[in-house]
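What follows is a set of structures for review.
One chain, subunit A, links the two complexes that follow: it is found with subunit B in the first and with subunit C in the second.
This part shows the complex of A and B:
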């Protein structure tokens, strides 16, 4: 392929430089996998096994049954069975427990009289979403308990309490396992910051070492230089993509309902976007440190926070939604989860592909515009 | 020693402040980024986009549907057929569909018991779980209200049958303000990023350019070189995090003045010391900046997301839990949350202080050792 010798020589030079640094090459291929394994195993948003302390001041069969319903569910684990109030606050402060349950002394008697008895639940609010989830689990367990009390009472007294049962069903992720959305999400975040950071020093490095002057005074055109720099990192990104995909399938066993071909097409475009973003940073800044730090700040944290990785974009605040919409990862996130879990394809997600293409085109034209072949 | 250290410090500050984009980006992440993350980031269920599929179409079913309102739910669509429902969920337009079956009102009137369905988009399983929990509560409250209206239950007294009233109290963050959580997490993430990245990059740059050799032939010792990097970094991070606390987190998000700020400053300085140690250790292992970037990519995201910021300790597999003891952020997170949110003092947190200091010393010792071996 000698369609363009100047482009080819930049491309080959970049490849050689990558290939010569064996440690770099090995890490470029392995690090995304390591990250994937660490995150896939470690980052669960399932709220399970919440360490719980119980202070049962009643100690009756009924209070024990209530406690057992809480602690026997898979959501709570009994950490301490206390005999007085004071340790609860301390254990919460130290983060040893996340929930303290206090049952009053007259629990069973009040209920036997047909009255309402209060149970206090102290929840650690440092993680608001987890606090809300813990609360909601407790309310559900409590509701069940009440329902049984009421029906027993109703049978005994002839009074009836209306009841609406809500049958819940979750589509697309019927087991409601967080790994099923986290692992595809990681494909999106990793393929955003990783190629961008690799590309972020491709040009600035030559600026710092001074070899950029060779480019300035060579006949190479700007687009040839940019393309030659871009392609090797794009290629690494594609290899990463395939490996991450295989990992999601074989190690994490995430359901894949869509078309692999479509996902690959989308990933190719997306990698073009993230690589050209990194290259743009490399062209914009004068020092490697600045280019690297700014690329990290612009890609790593936003990819996790605003792309919809943890929460849906439509329940974010206006400022964060704005950040989400100017972030390419958001559009790919929607697409990837749709392909994995919903089995949808081009007919639904063509606008996402279009937006990604526009981003890539925008970044590349900025690259060309900012890469001036002159000093200063 | 003082003179040499002072000269070295002066050089570090000069180098940092000369790189204008670097200053802007540090200011940006510590002020604007924290603000955006704090306002926008809402992991709770708020305004959950919802559709109603009312097949019963009676007074009661309409009343039940009306109960699905802000702040938890935002009903945006009324559905009239199954395909319509599927399309809404597929495209992610709504995340929950309330299906009220035909015969709902009749069942409730005759049998005192009716069923409805809540079908949710399980893609983001944690919010789906919460939303379904809220749906059950709303339905049950409606049933009770109906019971009162029909005279099956005496109005105003839920005390006609026995019942456990759950009184949840969320400690430390009673209104479950996500702003506090999100802005603090963001602050800790940003501190981590800057404190690991900058010194690592600065050190490798000296290696790449060979200026480190020049430093080594001067009377300055390796420990002094490292100390200069740590002190300059720590002071920059401390000033920057003070900016974000006093310009954003306290005044705008109204975090209560609970903690001992002096203790917090000490903890942050210790943390920056440890984090800088991580960065410098990486720099002693790597030869080139590209290698360093890859190493940082392998180390930083796990530190940021697996140290208990997003998923608490109890959600990790045991093996991973052991590994997180090597992450300085783990200790700092407990300390900083403890001080700023819970108002804890040194007495409750001393173990974590010991852990943080120990880890910092260990990292620093490793650096010094590698440094000597390399150049001594």
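This part shows the complex of A and C:
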């Protein structure tokens, strides 16, 4: 028995058309994986194994200990141990090293007097972001060293030495690698713009070919047509979701602390939102090119900029925060990171689900309102 | 489910003063008409006359600007959904409403489900429709891999699957091959006779009027004449003494009462230079075994013909027959896969530069620049052909006079009506005084008045010695050509003068007996038993006959015995369409099954 013959016929026809359009099908299934791999590998903010040259002019046990502290960390790799200052410039220029560390001749004596000793660090500044990262790594290692030094010094003289507490935990928690942050974020952004893009041709394709008149001129109800069109693309979105989830686990090795069942429930609702947004675009525009272009611009860019993917929403300016709050991806971003990294679930994120449901309902209502069985 | 029927107390369609305006641009102006049950009503008019707008309003997919339209008493604008269950609508374009990746079967199934046709009824209708359209052998073929004619028949099956009481067909036969067209009309007539279906269709072919019970001629959104085709044509022709006027003349007289009798204006065309063919012996065009393949698809298959110098040579065939591909190979735009083409005895590829200045080409699609004015377009073409500036300034007024575009020099090309645009395009093609002109479907979609003007210009060009090769899908334009090539599926099925071709076909298939009867439905069903080749043409019955005198008596006798009234039985010549069908079948007897 069929639940609704007209709806079912639209649904099955759409699936057949998608399945037989091999290019579209390949795009629908492969592109999210490629995007995931490209972004996931390319967007990591970590810097590791930075080639480093050291010129130790002091050559004391203390200076050697300091150099070892830097070069034995996983962030820096000792490339050259120099005796002369001149090669540093050249090696930096050629890109052979990214960091040149120069320890002054009176390093240990100055420290013994309880004074500050300066260590010079020459950083390859070609990529400012990377340079900043290198500097902060180095500063963190330096701080660590200073703390030890201070406690040793304090013990030796019986006095306490004030030391500066720097908040570096977020960066140097050895567990918190940026991929654990980026990959779940990509799940959110990709499942926002991609299902919308796929659905954005659903109706407009029929308008371009002229087959939309079959619908306009038949007794089919608008909700039946919209539902029959929506479901296949929603289904593709769910397949994409599972693929991305598996990728995050097996390729990127992102730890998952929450409930997969809850994440799947949330993703299903979220995909309903993005798919119906795409469908709405498909109903609003007259050509496939316009629908796809506008959908991409309207979903991809905001998803990356305003959803909290790079920058936390609470550190945005008021205008950006406004953008963030009218963007469904923002609500899912918070939820996904919470589920992945903190293992939180429904009791915390039910309001997010509610907001996503409201978005979906809103988009679908607009679809029904805008889909008139008429031309023009 | 469509169990309820259209209320028989009202006319099937009733339209009063219906108007539609798009952004202040009137498309339909105060049209009024009515359709009775079982009628085949034809709305005839050129492109842009407002045919599709009227159909879309009647099917409830377009809003009105003013006026009223009712389907069986139901206001289509107040409650469009109430009407939709009872109607079938086939939009314009060769099967554009089909789903290309779905098979023939799946397409029909989709429409059946969309209309929720009960399974038993559905299976019966589907089997019958597939059989009469001869699509039953192709049930598993994707719609995208069907020919134009087959697509159109499949679209018709899909539109008819729920056996609607009222069907709307928007240009169902434009560009369709003659055999598919004949099948198409057979299906329509069968529905009308057997089911009492009401048919509302539009067409730009005036010769299709006789297939309809009643017609309305539409021009620029207005109905300029309306009635039974035979009655409209019953007045004497303004030109030929003692003959009835053609529908084209009806059209032209309704538009410009004084223009119909007027002779063509004298057109200054050109002073002849030295002849292109220096020896004077070679034909203008000689084509030998010309073949063009696009991948697996053979667009042109072993075409050979000759065009004599000074001849007007017609290429007649449906969309996709290969006409444009042949012309493109003759102008050097496409290179042939096999075979060769000689222009004035010269190999096209070898002597291209020498020949090019002597060729004029008007492409099928709009070849003008819409955002340039009339004069700018002409100057641009003058520049492309490197015409001398002084010569160009002398030539432009000549062309403007010829194309009847004087006073419109500063109008943008895109703002001109289609007929004028086509004349301007022709003007651009002959600006440099070529001796050989290729015109690719120059009159497609143009209104009858503008079409006649266009053919008058072609006549003038021919009179001045220009050789013309012109392609068309209008059967009634064959008469304008000295010789014709009939093209079907990439092959040339016949070459000859229109009259010779007709006589040849007549010798093989016989004349047409044209039977008129007020009780034509009953008469048709009766005669069909005795003459299986009988076909309905509107309210007349056509029977091809090898022995017209004997058969005429037999028909008279059969109808008398059944006490069916007979108006007249005419012995008519074969139409160009019938002639074409004869040659297609003669060229490949199995073609009928493999369209």
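A few points about this structure:
Assume the second predicted complex is superposed on the first by the 249 of 376 C-alpha atoms of A that agree within 3 Å, B and C clash if a C-alpha of one lies under 4 Å from a C-alpha of the other, contacts with A are read in each partner's own complex, and residues count from 1 in each chain.
We take it that a residue touches a chain if its C-beta (ideal position, glycine included) is under 8 Å from a C-beta of that chain, and two chains touch if they have at least 3 such contacts.
Everything numeric here is computed off the predicted structure, so don't read it as measured data.
By the document's definition of touching, of the two partners only subunit B reaches A:119; subunit C does not.
Once the two complexes are overlaid on the shared chain, A:21 sits against subunit B and subunit C alike.
When the two complexes are overlaid on their common chain A, residue A:8 makes contact with subunit C while staying clear of subunit B.
Contacts of A:41 after superposition on the shared chain: subunit B is touched, whereas subunit C is not.
By the touch criterion defined above, A:64 lies against neither subunit B nor subunit C after alignment on the C-alpha atoms of chain A. Residue contacts after overlaying the shared chain place A:301 against subunit B, while subunit C stays out of touching range. Legend: residue contacts after superposition of the two complexes on their common chain; A:98 is shown touching subunit B, with no touch to subunit C. When both complexes are overlaid on chain A, the residue A:143 reaches subunit B alone and has no touch with subunit C.
Residues 21 of subunit A lie in contact with subunit B in one complex and with subunit C in the other. Taken in their complex, subunit C has these residues touching subunit A: 2, 22, 56, 59-63, 80-81, 84-85, 87-89, 91-93, 96-102, 106, 109-111, 113-116, 142, 158.
The residues of subunit A lying in touch with subunit C in their complex are 5-6, 8-10, 13, 16-17, 20-21, 209-211, 213-220, 373-376. For subunit B in complex with subunit A, the touching residues are 19, 21-22, 25, 28-29, 33, 35-37, 39-49, 64, 89-92, 95, 108, 112-130, 132-137, 139-140, 142-144, 146-147, 150, 152-153, 158-174, 176-178, 180-181, 186, 189-190, 193-194, 197-198, 201-202, 205, 286-291, 293-295, 297-298, 300-302, 304-306, 310-312, 314-317, 320, 334, 337-338, 341-342, 344, 348.
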